[in-house]
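Provided herewith is a single structure, encoded as structure tokens, for subsequent inquiry.
Order of writing sets the chain letters: A, B, C and D. Residues in each chain are counted from 1.
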Amino acid sequence: MALQLPAWWKIDPTAPFELGPRRLPGRIWTASGCFAYGLTGHDFAAPGFASPYEGLGAVVTKTVTPAPRAGNPMPRLAETACGAINSIGLENVGFDRFCDEVLPELERRGVPTVASLAATRPAEFGTMAARLHRVAGGFAHWHGVEVNLSCPNVAEGGHDFGRDPATVAECVAAARAELPDRALLAKLTPNITDITELSGAAINAGADAVSAINTVLGLEVDLTTGQPVLPRRFGGYSGPAVLPIALAKVDEIVQKTGGKVVGVGGIATATDALKFFALGAVAVQVGTAQMRDPFAAARIARELRPG
Amino acid sequence: MLRLEAAVPEFSPVPTVSTTAAFLANVRESAGLIRLDVSLARPVPFAAGQFAMVNLAGEHSLVFSRPFSILSATEERMSFLYRVVGRGTAALAGLRAGQELTILGPLGRPFPGPGAVGGKPVVLIAGGVGLPPLHNWLTRHGRPGDLGFFGGRDGQDIPWQLLDERWQISVDERTDIPAGREAWPGRVADFAARHAALQGAQPRVVFSCGPIPMLKAVAELAAARGWACHVSLEEHMGCGYGACKGCVVPVVDDGGAGWRNATCCVEGPVFSADEIRWDRYGKPAVPLPTIEG
Amino acid sequence: MALQLPAWWKIDPTAPFELGPRRLPGRIWTASGCFAYGLTGHDFAAPGFASPYEGLGAVVTKTVTPAPRAGNPMPRLAETACGAINSIGLENVGFDRFCDEVLPELERRGVPTVASLAATRPAEFGTMAARLHRVAGGFAHWHGVEVNLSCPNVAEGGHDFGRDPATVAECVAAARAELPDRALLAKLTPNITDITELSGAAINAGADAVSAINTVLGLEVDLTTGQPVLPRRFGGYSGPAVLPIALAKVDEIVQKTGGKVVGVGGIATATDALKFFALGAVAVQVGTAQMRDPFAAARIARELRPG
Amino acid sequence: MLRLEAAVPEFSPVPTVSTTAAFLANVRESAGLIRLDVSLARPVPFAAGQFAMVNLAGEHSLVFSRPFSILSATEERMSFLYRVVGRGTAALAGLRAGQELTILGPLGRPFPGPGAVGGKPVVLIAGGVGLPPLHNWLTRHGRPGDLGFFGGRDGQDIPWQLLDERWQISVDERTDIPAGREAWPGRVADFAARHAALQGAQPRVVFSCGPIPMLKAVAELAAARGWACHVSLEEHMGCGYGACKGCVVPVVDDGGAGWRNATCCVEGPVFSADEIRWDRYGKPAVPLPTIEG
């Protein structure tokens, strides 16, 4: 049952590592949107685990936007044969409550945190980063920011916000300017012809790493009605089905862009995570699998400890 | 076998456990309802109205676990009552002896315990797979004067073995009623409204679980009589523990909009009926937006 | 076991239908590359089926190129949890042998045929279409051409051949000019930011329909070595995992482009096929599933006959 | 039970059948080798050396079926011999009574029949899971003078029950040899080369199936003695019936390049050893190209 670790695997993913100006406690993270704000499940128990947070390198919190969002209509989820399609619509408490309530509570509980941010104008990333720095600059457990550049249709100026390398660079640069001592990641969309244009732009603009991938556009049909299951028709496809796509994107980025990659997409087991590390990822994030099993990331972290 | 349920007469949150369980049996309780019995690797104490996320273990596990109210449990065993409606419930119905399941539970806010109903008699109104939480409540906490109602389509639809004399039964069509049992014609909410025991000024508390139209009718009945009413909502769920925001229901809010999204799995599944914005429930909560993620 | 057909489904997919200037015998096809040249399996039998060709609307033959190709090194296939990754490399007998040997044999056997063509210069599509018209213009069973515009890196002029709407239009127009009385389809890549730019270009240039989708870029890692399984690292991802992606692309095309779509991607069952028809596809193609079961498309055709 | 095999003493292609089969048993034949017995819904006549594509039926079926040589069959039953190496073979090893499989077969070109070897004695050289086609040939067609060789790592690795006195056994390590049985030390090809019965001028025909290094050694042995040699190649396969070009092997060709890709599943899996371009086999067949699809 226990995974036989391959000979080339020598890293302890629960040991600290440097990411840009910051030292993070480990390489197995949870992905944004799949483990809420890192405040859920603290009292959950599983055989051998005191909590789902054991061994986690970071919780990437649910993306927050400058103003709170109510999100999309229900249903927001469709399950397919080997994946999930979501259309949550970035429901979130808003950046103010995130700063005032969420981050301090994460600090109190000692949850290693990477804050995921989205906005509609590049400059807002700077404003938000600056405020985080003011509020949480002294926190021991706030390690960085992931700018979520992977939502279609948020830009005021059109639908290519996160697909336009120049805009990606602007957003990253704005956040970087205000984040002297925290890790900065740019989360990229796979729904683009050439992801390396985005990764190159992000790294050049100062991101310490890119996170790849966000969800793939997907659709599920309700056969009874002949209509899409989700009210907005399409949604973001994730889970085991997207693993090979995520691996391909990560490989492309590693091969063509000088810069670090955090792998995300379809990871449910230690084996899946190893595939990203094999391609050169410096850390990985567990998304959909974390929804099924709050201990998914913790189990992977434990299984990947050599010896 | 210690009955753990007795340990939580009132709701004081008990830690959620992630455990494996072994399939024991699928027992047919009515034409549409199957009781699933599993043997637990670890005990899962719970309060009536709480649920568990259930999945197959190993490589055939579903991408999402499925929420099921807990019908009953001991330290070693747990039972659910379900209907086959899709991939997940079909997988449960196809389980073979010894196959392993995963269980995450207990989850969610339960029905108020007997000490929290202000001494008022409780009326429990259930439809179909809404039975488990109410059945569990009545079995654990029921006192004389508490009364259960269960509605089905016809006699075949009724899990007769589970429903003792404390349960009043209604059916749309009065066919297949076993000898010695009774079933009244009509919708269960109408039947409860007309029931002799519920006439008069005695204030009561209503608990209900079942299809949304039924819940709405029950909520209206309770409101008309000024009775407190708690409903358990079976919203679609992804995680069951507050991680994904896939399970929201519109509730009353003092803020500008007059409503907000409550997370059904952690703020519910049991809500006070007057918290629910029934007018928005099941409808797009916001004009279709231009963002996803 | 037998599928309960939904109320909205009224079409007999084994009845002829019009596609551009041609009447095709049915709507359930096999996809290019997954049923060779339509000359294999004719003597196969299954309970209730005299041959795998029963009820098929068309076999889209393996893509042929002007010159024969030896294809990529082995291994060429990797199986993933819910899909397949291939890197066949368009091994084919070449257009000459296709015209001289394959097409006449297909005609003799009465196999409904759509010929898949690829080339490195748009004008070649015209040359090939013209020769098909000469050789097979009188054939009863040759129904059309699918121009395969979905292979990265075939262009002499760079890597955006099938991703550039102008080139897509040129290829389609060149073939159209020589195909007065056969259906013309353009097969599109999903590995692009906006597939509707391609579908729009193809339809405007005279395609009777677009086929969507070809494979999604994917990669599988061999954990023992830590290296990609396929010698070329990435390959084309197909099978059940890509169904929701294909549905999303087809929906996008139907919603935004005036023009017909043939749905392909992840279809293994009648249920899967119905999802494409629900979104407006005029026909569907069965690819990877046909490799597992030569009767896959025939079974779907039978199951979808109403009444 | 009519033995169908007798019906095809020489190879005249029989139609390929797509059928279901029910799992009967997994029987351990050696430390690493398992015999899979299935009960066929339809008969599948075959010739020695042909294979079938095997899969689980229903929703747990693998994306690709897996090729296995047929060990033996009757009208009602079929047996395979396999080793667990990955997902597919692990799934076979985990089958439970009554579970359904799909079988597509017979497929591929078999070994020459007894009438096609020009009256020469046949030498069969097998390693590991290369045994089934040769075992089948010897069982069906073997005459006095035909001789089998089987090589394993040690005594645990040998399927003793399957190998009667017509089989000579060699092992890398001479441990765990059952009482009354013999096993010679060394590689099977070397062992065959040195074997007393194979000395002298008598021309022979060699059939072989097993790991590639073994096949190369066998091919060299045969070439050195001027014997005809046929090898069965276990190349990766997607479809097994010529649909995908996922299974090519480099063979000699008169055309410009001196070689071409043969489709292992339809032109093989049995090839004449001198058809194979051993120098290219297992190496990139062309410089890495810039196209996929």
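Keep in mind that, in the parts below, contacts are C-beta pairs under 8 Å (C-beta built on N, C-alpha and C of every residue); 3 or more make two chains touch, one makes a residue touch a chain.
For clarity, every value in this text was computed on a predicted model and none was experimentally measured.
Graph distance from chain B to chain C, where chains that touch are one step apart, equals 2. In terms of the distance between Cα centroids, chain A is separated most widely from D. Between the CA-based centres of chain A and chain B the separation comes to 34 Å, rounded to the whole angstrom.
Here the spacing of chain A and chain D, counted between their Cα centres, is 48 Å.
Here the CA centre of chain B is 58 Å from the CA centre of chain D. Residue positions of chain B touching 2 or more other chains: there are none. Counting partner chains per residue, chain C shows two or more touched chains at residues 80, 82-83, 234, 240. Chain contacts in this assembly form an open path, with each chain touching only its neighbours along a single line.
Each chain pair that touches appears in this list: A-B, A-C, C-D. Taken in their complex, chain D has these residues touching chain C: 13, 15-19, 41-42, 53, 55, 61-65, 87, 102, 104, 235-236, 238-239, 241-249, 257, 260-261, 266, 282-286, 288-293. Put simply, chain C touches chain A in their complex at residues 6, 8-9, 80-83, 85, 163, 191-193, 216-221, 223-228, 233-234, 237, 240-245, 247-249, 251-252, 255, 271, 274-275, 278-279. Those residues of chain A that touch chain B in the shared complex are 33-36, 40-41, 43-47, 49, 62-63, 69-77, 79-80, 82-84, 86-91, 118, 148, 150-154, 214-215, 231-232, 234-236, 239-240, 288, 290-295.
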